[in-house]
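What follows is a group of structures, each given as structure tokens.
Across the two complexes that follow, chain A remains constant while its partner is chain B and subsequently chain C.
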Partner chain A sequence: MTVTVGLGPGIFDGRFGLANKKPAHLAQIPDLPSDNLAAATTGGDLSLQACADDPQVAYHAIRDLARMARGTATVRWTVLGFGRASAGKNQTTPRNLMGFKDGTRNITSDADYDEFVWLGDSAGWMAGGTYQVVRKIEMNIEIWDADVISDQQRVFGRTKVDGAPLSGGSEHTTPDFHAKAGGELKIDPRSHVSLAAHEHHGGVKILRRPYNYTDGLNQYGQLDAGLLFTAYMNDPEHFTRIQTRLGSSDRLNEYISHIGSAVFAVPPAPRAGEYIGQALFR
Partner chain B sequence: MTEDRHDDGAGSGEHVPAPAPSGVSRRALFGGGLAAAAGVGALAGIGGSLAAQAASAPPPGEDIDLSASHPFYAEATKQPQGGIRTVPQRYCVLMTFDMSSTLTADLQVLLARWSAAIAQLQAGKTIGSVSPRTARGSAPTPARRSTSAPPR
Partner chain C sequence: MTVTVGLGPGIFDGRFGLANKKPAHLAQIPDLPSDNLAAATTGGDLSLQACADDPQVAYHAIRDLARMARGTATVRWTVLGFGRASAGKNQTTPRNLMGFKDGTRNITSDADYDEFVWLGDSAGWMAGGTYQVVRKIEMNIEIWDADVISDQQRVFGRTKVDGAPLSGGSEHTTPDFHAKAGGELKIDPRSHVSLAAHEHHGGVKILRRPYNYTDGLNQYGQLDAGLLFTAYMNDPEHFTRIQTRLGSSDRLNEYISHIGSAVFAVPPAPRAGEYIGQALFR
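Let's turn to the complex of A and B:
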């Protein structure tokens, strides 16, 4: 199992005398198009993300760590994620709750990690760290399930069975955003992948590590579930840039709603005998 | 969660299994047995070795190895925390917190205690008693529920 610790903007707001140590790009994510954020699932001064192959291991770890915070910090919100919706080395691409493969085009190479995820020497005490953006995204699963597959594929710009781009080929074929059939772009310009692709964001990429979640039934008796979207990047503005576009035009918006949001600086791992963020207090 | 009355040192109250020599059984993860007192930041961090893969292993990357340990402490500068580039595991629990204390020392102690505890967890061990509890060295006050944002 792993536990990842993040420091929210509030840690640097002056309460703790750390304002001058604030990581350069740490700031609240601005209001974005289509946002439907609830206070109860937004923000936080600190974050813990425990990941494990057994949910009980992850939950137990979080309980123990939350107990240690008593008297110092209070729980703000929590989500249990399941069925990793991203793939690592040697892993096959899993599917999210909409039934599509998620994580096909993601950051995997050392060069991309260095360019888009890790903070470099200029970040000072944060060098080797990164930023974590979390979004709790509700899915309107019952409406989605009533949609025909051809339309679902148009929404994502990929096939449901193989996850291949609609421009042709197999799952890992690079999408061709210019390919046309009968005068129309094969990949709808308002599809999720077309709007999110780095080709349409000045080459900017983010590392996505989402999980599915379910909260049972909502107040209308419908399935309450979605994606715990967790992404890492060396500047949260990269998320903002992509989501600004997605939030205004994505065909997927008909079926989803961003209800939670938070951003954290994730310091590098400590050296033996030290602790996470220790450099802040020197 | 906030109603939980266990003490840090008390573990989960389950019976104590013997630690497995190589790796840790799932049972061992939940026992309160390995409650070695962990001074802040004083842990070596890297415990249990990887258990040998069974001959009939599932396809690569799809197997579950509950004994896998992930080093917590950096061997070099600029080493990232775990959970970012680590091969994705099947489940996660995300929890965010608001500081209720405004003492810098409390924040410092919390990060130190969490670090020591996470080093144990990532080594496949249970969390022992990690001290001190607060900057003032006293027992923590009972958890307060945040009225603005109740946990869901």
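Let's turn to the complex of A and C:
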């Protein structure tokens, strides 16, 4: 099991005498196009992400930490995620609840981690840490399931079975966003894969680590499920930049809704004998 | 993956011309002591239980079956369970969200399956089938966590670490409900293990197959979690008898609440070339 701890902007708002330690890039995510945020699944001063092979282990960790914090902190919102969507190093790419492979182009190399995820020495006490962006993304499952596969593939810009870009090749072939057939781009410029591509964001990448979730049924009796999108990056503005474009134009927006949002600074892992965030109190 | 299909009492209420095929013991579970049922998690004409090692596989099955049924049936309630609490044959006993081993005395022998689970030839088209009782049981996690271990052990009648009965021995030692220490019964007669014991119900056993669940937070901001109790038996009255006693006297009632209830007839597995419940339409 791993537990990742994040500190929200509220930790540095003056209540705790830590305003002068505020991480340089920690600020609320601004309102973004297509946002449909619910207060009940937005914000928070602390983030706890427990990951384990057995959900019971993860649940127990969160609940025990919540118990220890009683009287000091309360639980604002929780999500039980399952079946991580994005692949990591040496993993095959899992699928999200839309049935598509998710995470084919995720960060895996040490060089990319160093360039896009970890904070360098200039970050002061946050050196070796990162930022965490969390978005709860509801999927309109019934509507998606009623769509034909050819349109679903157009929405993503990839094939459903293999995850190959519609410009050709196999899953890990680099998409060719200029390839045409019959005068039309093979990968729709409003497809998810195109709008999210680092080639269209000045080469900026983020580390995605999303999980599927289900909350049973919604108020309309429809399946209430989606993706708990969690991503790590050395500047949350990188997410903002990507989501600004996705929220404006993504063909996927017909089938999803961003209902939750939060941002946190993740302190570096503690050295032996130290505790998480110890440098914050020096 | 396995999918288990159940037919609720409503299937045989005359709407579908099947009133004369109603399984002999299929009837709504009566109101029971301590019941706190919510309409939103009670009843239903069909039950679908999908079990798999990967929750995404189970979720996909339920959602695809719901999709195929669109226009004919709608989803009434769903629960995503994890970490089956009761052990089966050759499995170590897992723990429920109260941290105790759950299922130590569960049915495992073929003889017990034949005597208490499967319906015999006298059941007509249901021969080889069984009944399924489902109860959604909310746990007051924070209150439970605030209790001392010695009291938690008294509530269950077992030790928390090993799951041994408080009358002594190890996990699989048969509890001695008459053993005393200092004039007091070692296993509290109002403990869960004592009230649920088949010795106290005329030897009647049921096959338990419960799962943990979490629904995030409740309206009071407390952890909303518990046990989706699912059990199989050849007469739902066996459950009613056991729960009548538990609902009246169980020390555990301080920490749990039965918020959902349903009963179903489970047709026998189809023979090669047949479909589930085919005998029902002959």
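Everything below uses one rule, namely that the second predicted complex is superposed on the first by the 282 of 282 C-alpha atoms of A that agree within 3 Å, B and C clash if a C-alpha of one lies under 4 Å from a C-alpha of the other, contacts with A are read in each partner's own complex, and residues count from 1 in each chain.
Criterion: contacts are C-beta pairs under 8 Å (C-beta built on N, C-alpha and C of every residue); 3 or more make two chains touch, one makes a residue touch a chain.
Treat the numbers as computed from the prediction; the structure is a model and nothing was measured.
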Between chain B (first) and chain C (second), which does A:113 come into contact with in this model arrangement: first, second, both, or neither? first
Would you check which partner chain A:93 touches, where first means chain B only, second means chain C only, and both and neither mean what they say? neither
For the overlaid complexes, name the partner, chain B or chain C, with more touching residues on chain A. B
Output check: A:55 vs chain B and chain C. Expected answer is one of first, second, both, neither. What do you get? both
If we overlay the two complexes on their shared chain A, which of chain B and chain C does A:141 touch? Say first, second, both or neither. second
Looking at the overlay, does A:152 come into contact with chain B only (first), chain C only (second), both, or neither? neither
When the two structures are overlaid on chain A, which partner does A:63 contact: first (chain B), second (chain C), both, or neither? both
Would you check which partner chain A:262 touches, where first means chain B only, second means chain C only, and both and neither mean what they say? first
Now for A:78: first (chain B), second (chain C), both, or neither, which partner does it touch? both
Per the contact definition in the header, classify A:17: touching chain B only (first), chain C only (second), both, or neither. first
On chain A, what residues does chain B touch that chain C touches as well? 54-56, 59-60, 63, 66-67, 70, 74-75, 77-80, 82-83, 215
Write out the stretch or stretches of chain A touching chain B in their complex. 1-5, 8, 10-11, 15-18, 39-84, 86-92, 113, 117-118, 121, 127-130, 134, 207, 209, 211, 215, 228, 230, 232, 262, 266-278, 281
Chain A-touching residues of chain C, taken from the complex the two chains share: 54-56, 59-60, 63, 66-67, 70, 74-75, 77-80, 82-83, 94-95, 97, 99, 141-142, 145, 212, 214-217, 221, 223, 225
Under the touch definition given earlier, write down the residues of chain B that touch chain A in their complex. 1-2, 4, 6, 8, 12, 26, 29-30, 40-42, 44-45, 59-62, 64-66, 70, 72-74, 77-102, 104, 106-118, 121-122, 124, 127, 130, 133-134, 139-146, 148-152
